[in-house]
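Shared between the two complexes below is chain A, which pairs with chain B and chain C, respectively.
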Partner chain A sequence: MRIAVLMKDVPDLVEELEVEDGALPLDDMSFVPSEWDDQALEEALLIKEETGADVTVVAIDTGEVDGLMFTALAKGADRAVKLAGGFSRRLANRQRGAVLAQYCQTQGFDLVMTGVQAIDDLDGQIAGWVAGNLEVGHASVVRDVRAGADTVKVVQEYSGGKMAELELPLPAVLGIQAARKPPRYVTVAKVRQLQKTASVETVDVSEPTAPTLSVRKIYKPEAAGHAQMWGDDVDEVSEKIVNLLEDKKLLRS
Partner chain B sequence: MALRGWLMAITVALIVVSLGLFLRRLNTIFQVMRKARPARRGDHLGERFKSLFTNVVLHRRMFRITYSGVLHYFIFSGFVVLLIDIVETIGEVFFPGFTVGRILAPLVDIWVILVAIGIVLALYQRIIIRPARFHGSDEKDAYLILGMIGAIITGIVIHDSFYPFVAREVFHVADPVARSHFLGYALSGLWRALGWTGPRAASIGYTVGYLMDLGVVFAFLAYLPYSKHLHIFAAVPNIFVRNLGPKGELVPQPIEDSMAIRTFQDLTWKDIHDLYTCTECGRCQAVCPAYAAGQPLSPKMVILELRDALNERIAWGTVNDPTQPALAGGVVSAAELWACTTCGACQEACPVFIEHVPKIAGMRAALLEDGNVDANAQKVLVSWDRQGNSFGQAARKRSAWAKNIDVPIKDARKEAVDWLWFVGDFAALDPRVQRLTQLIARLLHHAGVDFGILFESEVNAGNEALRLGEYGLFETLAQKNIKALNQAQYRHIFTTDPHSLNALKNEYRKFGFHAEVMHYTEAFLTLIDRGQLAVEPVGLTATYHDPCYLGRWNGITEAPRQLLQRLGVNLVEMPRHGAQSFCCGAGGGRIWMDETGIEDRPANQRIREALALPDVRFFVVACPKDVSMFSASVTAMGVEDRLRVVDMAELLAVAVGLPDVAESDLRSFPNEAGILS
Partner chain C sequence: MADIVVVGEIQNGVVTDATQELLTRARDLATARSRSVAVLAFGKDAEAAVKTADADEAVVVVDQAVEEYNPGVYEATLVTWLTENPALLILLSNTTMGMDLGAALAARLQIAMIAYCTDLRIEGSSELATCQIYGGKLAAEVELPDRAVVTVIPGSWAASGRSGIPMVHRFNAQPSPISVVKVIEPDASGDVDITRADILVSVGRGIQDPDNLELADELAQAIGGVVSCSRPVVDAGWLPRSRQVGKSGQTVKPKLYLALGISGAPEHLQGMKDAELIVAVNSDENAPIFDVAHYGATADILDLMPALTEKLNGRNG
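Then we have the complex of A and B:
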């Protein structure tokens, strides 16, 4: 079985986001691997450990993705492929999906996995766009991936504590919600060693034509209300709580 | 002559067989040591001999527990005197008429008495006192050895008591020292009374004593290398090859490949030697904070588990068999390894200078390489890698504490400063500690000190990354700091954080960084003594907690005490202080790990230790992690009205009379009202 894990890096949200001239100054920001992609990679590596599957990590070269690719190799991925085409970090998700599908089309992967979402893809579009372009089955917000010979079983969670077990024919594209185990740690030394002994393959791809949206304005949300501080007098605070609950009709008499 | 011939034959046979077995076993161990990693321990010969004198002849560490020290000294010195007896006894048989003279002979008897007392004390300790530190030790072996020593000294007295008759009746030589062996001579009175003085009776009696002495001595020699009592031979060389580098330096040389310890070949030869030197005395276990907290770690058991596994693999010829369980996670469990706070109390307590912490850190490295690490600690490792701090905060936030205080703080990267302040993660980013960091800035400003910081170019010093076994990350962090430090211009450098101090002072040497790094207690002591900072006595009674990475690993115990004295603090010491201080439980990355399984937090135990002191209301700390750890304990234990955790910076601020601090709650603390003038 051949598995592709689609990965990317996203702005590190520990940094305060600045808005300059109606846009994010992407060049000044630091980037970290998208945490959901890390989950997808971990799930793929677990499948590799169970079935001996071959895991290829794929990322679009929009800057410095080598770090995350070598980290994936150090964790146990077999190959790392960087898709080059002079792409900028502002590449729209629909275009991303098309670029990734373009490459996957040539490779015949049995299973394509990626993070269910990313901080710059809150709708989780990537898995859907890739599946659509490849014209194969797709399931998202899934976990617990059990790969068989011709099908893959996944668990999808619904509201109200209901779960569904789905079975998809291969090839398929999955948007992974969480891996069965927390993503593994890999030491800095091991990553460095891989940087010396392994290499990231670069594959040139053409920029696909895909309809995109244009951003009109980026701005920080304006505060609508604010918290009220009730002080630290226990009697006073408890009375206020009771009053509030009564006002909201949350107390039974 | 038949008796002499027989005894000579049996003596030669005993020597050949026991020495052969002894050397064969030693050679086996030596071969394992040869295949182990290198360690440089042949330098500083003068200091090494001096160390032998203080730690072998004077028994310095042994006497920290007076009872055990005394009993051990009796038995230990007996072994020296045993050599006189062996020479004399063999000499008597092989060279008729041989004596050791009237001076040495009675020494043997004196020491027989001392050894006998030692054995009685040892038995009393093991049977009646039963110290908890022996838990897990092989007590059968201890009794067997005590029995053998008992047999030897009994044998000495018996053959000495029969020798005058054997000399006269069988060997036909004079025995000028008969009376000098006063114990044997006294006993010979009994044989005279019983009439056992003829050649036959004397020969039998002498042979019994001879075999009880030399027979057991040689049996002992053959048995020793299989027993914990190999320390009789191994302790002296182990003390000789002890680590004389900086105590706080975990890794002496840059590591090319990996610091992971998976097999016995990954240990150094000194590590292997350590295993065979351990006497299972359990002093390390008695001082271990993890053990005291009810966690699965005992430093003694780590050594014993390794030794027993090595012995088993030697017996089965599988030392180099890669299919054997890994040392990390197999022989020594992951839970044991991750419980260590790397406080170093074990190493400080060990009378034979066994180094537990490097072994634990190396085995942690192996676990880490396999991804076996606490989830929270993993997050911190990732934060260090990405943001350069353990809080997962943006690098720019590192100097946020410096805003909103009316103190100009220079950027040491851009302009020369007199004092460079390496702030450290906790002091810079922990909200509970930031106010203290601000106090220090104000104090420096007040003293007119020209100081600066490295702002976002400073990253975590890497002390804990290294102790979690993440050498590569430590190196990355160290190189970033060294780059920033090399770009800065400064005359002195100090840090508020003992953990950073340890890294800067001891772990950066291998990368060529050799500045004299001071702790802030040292820096402020210097400022006061130079007259740059005028202080008024604060006049309160307090106890002081030595941080492990300040007191134990770096020997800085005096400066904080002198500073307290300058500040007019009446210091009441806790029983465990200085290099014998008790860890707060935060070190070695423990502060970020899951606390499941901890029955009694080390910090709580420490607070109880302070609460037991009379009239002590203040618990002075000098480490940002201690501020968090002990404040949390005081709150959790509900003793806020009895004990207040104060940082040295707060005392300094009061003593200096910084505005708005002089009226701080330090003054109004219960029972202390009016004490502050």
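Then we have the complex of A and C:
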């Protein structure tokens, strides 16, 4: 079985997001792998361990995706492929979906896995775009992927803890909510070591032609409300909480 | 042929609140632009559920294959119907179904897609969508293109309560090789029911290490509450799924929700924003949780939990 894991990196939310003239200065920001793509990679690696599947990590080259790719190789992926076409960090998901589908079409992967969502997919999630372009079956918001010879079984999550087990014929595209285990960790040293021997393949692809959304502005939303803030002093905050509990008659007598 | 199509969801025989919200805004937009609204719904309860919906047309798909949500059958059916009836605007809720089908429908129909929408409105000659991105930290204002699929976050605006008398007709389900093997109902056995607790001590990824959960347990005991959590804590295997608050977990409305090391992602807020009293502690002063909390502190939760426990125990003892 051949599995593709589609990965991308996204701005690190740990850092303060500064908007300039209605846009994000993406070139000045630091990026981290999208957390759900990491979950998809982990699930794919678990399937590899169980079935001997071959795992290819695929990312669109929008700048610095090498770190993400070598990390995936260090974790156990067999191949890493970077799709190059002079793409900018602002590449929209509709475009990404088209580029990724175009590549997957040529490869005959049995299973294409990616994160259920990313924090920046304003124009829709990648799993749906890729599946729709490929016109193959897909399921998103799934976990517990069990791959058989011709089919794959997954658990799809609904609200309130309800779920369903689905069976999809291969090939299929999956949007992964969570892996069965927390994503494995590799040391920076191991990634560096691997960088000396392994390589990331580059495949040139053509630019998609679909139109993109017209975004008027990005801005920090004005919240309807904001908490009354108590600062960061542990003693003071504890005192305030106890007083509040007393006020609201929530203190146990 | 309708201009605006709402893909409806039905639960316990009635149209969901989220679908009611879609119908409300669809009608508002349609009235302003002299357009028509259709609602499309699946399952044996669909006809009864949509016959008073505020839509001009209701399309119901009744078939054994659509009794439970099936991404393959639903998508094939929607693609076929929407190809024959090319609507301008297709609205879905940002539920599992919307997240699952939205982009795939857009790709199949070769139209645009707008996700995480929280507002849809007309401004002059433009139609605009506001979307929530970056875990709720930013918003985007997007121009609605001529044709688009839009997924709307449930609860983004109020439902009008209006009803109507749509013309109802049936449409056949289309086949798909995807099958629903079994439906798994929420596991209510054994563990505590967090929806019944008056006080929830809710921990997020800020707890950092499973060993630190002891601090939350001790605090919960001292305060007379129950420990709940955000999704990553469950995915890491640190707490059972029954303790998860949010979109894919439980919706809670305790007297006090103490959010500790939880950023306040939209999926988490969906499950707790209506709590009577929300106190959030998060070292990041920009965390979105502070937008819904009544009181907040930027203290380190690993220091705060034992300090607060001690203060409470000092009083109790």
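Assume the second predicted complex is superposed on the first by the 221 of 253 C-alpha atoms of A that agree within 3 Å, B and C clash if a C-alpha of one lies under 4 Å from a C-alpha of the other, contacts with A are read in each partner's own complex, and residues count from 1 in each chain.
Basically, contacts are C-beta pairs under 8 Å (C-beta built on N, C-alpha and C of every residue); 3 or more make two chains touch, one makes a residue touch a chain.
The model shown is predicted, which means the values in this text are computed figures rather than measured ones.
Undergrad: Comparing chain C with chain B, which touches more residues belonging to chain A?
TA: More residues of chain A are touched by C.
Undergrad: Which partner chains sit in contact with A:Pro182 here, chain B, chain C, both or neither? Use first/second/both/neither.
TA: It touches chain B and chain C both.
Undergrad: Does the superposition put A:Ala149 against chain B (first), chain C (second), both, or neither?
TA: Neither: A:Ala149 stays clear of chain B and chain C.
Undergrad: Quick one: is A:Ala164 in contact with chain B, with chain C, with both, or with neither? Answer first, second, both or neither.
TA: It touches chain C, and chain B stays clear.
Undergrad: Applying the document's definition of touch, where does A:Glu16 land relative to chain B and chain C: first, second, both, or neither?
TA: A:Glu16 sits against chain B and chain C alike.
Undergrad: Of the partners chain B and chain C, which touch A:Ala210 in the superposed model: first, second, both, neither?
TA: second
Undergrad: In the overlaid three-chain picture, which partner chain does A:Val32 touch, first (chain B) or second (chain C), both, or neither?
TA: first
Undergrad: Can you give me the overlap between the chain B contact set and the chain C contact set on chain A?
TA: After superposing on chain A, chain A residues 14, 16, 182 contact both chain B and chain C.
Undergrad: Would you mind writing out the residues of chain A in touch with chain B in their complex?
TA: Counting only chain A, the residues touching chain B are 12, 14-16, 30, 32, 182, 184-192.
Undergrad: Please name which positions on chain A make contact with chain C in the complex.
TA: 11, 13-14, 16-17, 19, 24, 39, 93-94, 97, 116-117, 119-133, 135, 137-141, 153, 155-169, 175, 177-179, 181-182, 210-211, 213-221, 223-235, 237-242, 244-245, 248, 250-252
Undergrad: Under the touch definition given earlier, write down the residues of chain C that touch chain A in their complex.
TA: Contact set of chain C toward chain A: 68-72, 95-96, 99-108, 110, 112-116, 128, 131-143, 145, 149, 151, 176-187, 198-199, 223-224, 231, 235-237, 241-242, 244, 247-251, 255-256, 258, 263, 277-281, 283-286, 288, 290-300, 303-304, 307-308, 310-312, 315-316.
Undergrad: Taking the complex as given, what residues does chain B use to touch chain A?
TA: Residues 257-258, 365, 368-369, 371, 373, 375, 378, 381-382, 385-387, 392-394, 396, 470-473, 475-476 of chain B touch chain A in their complex.
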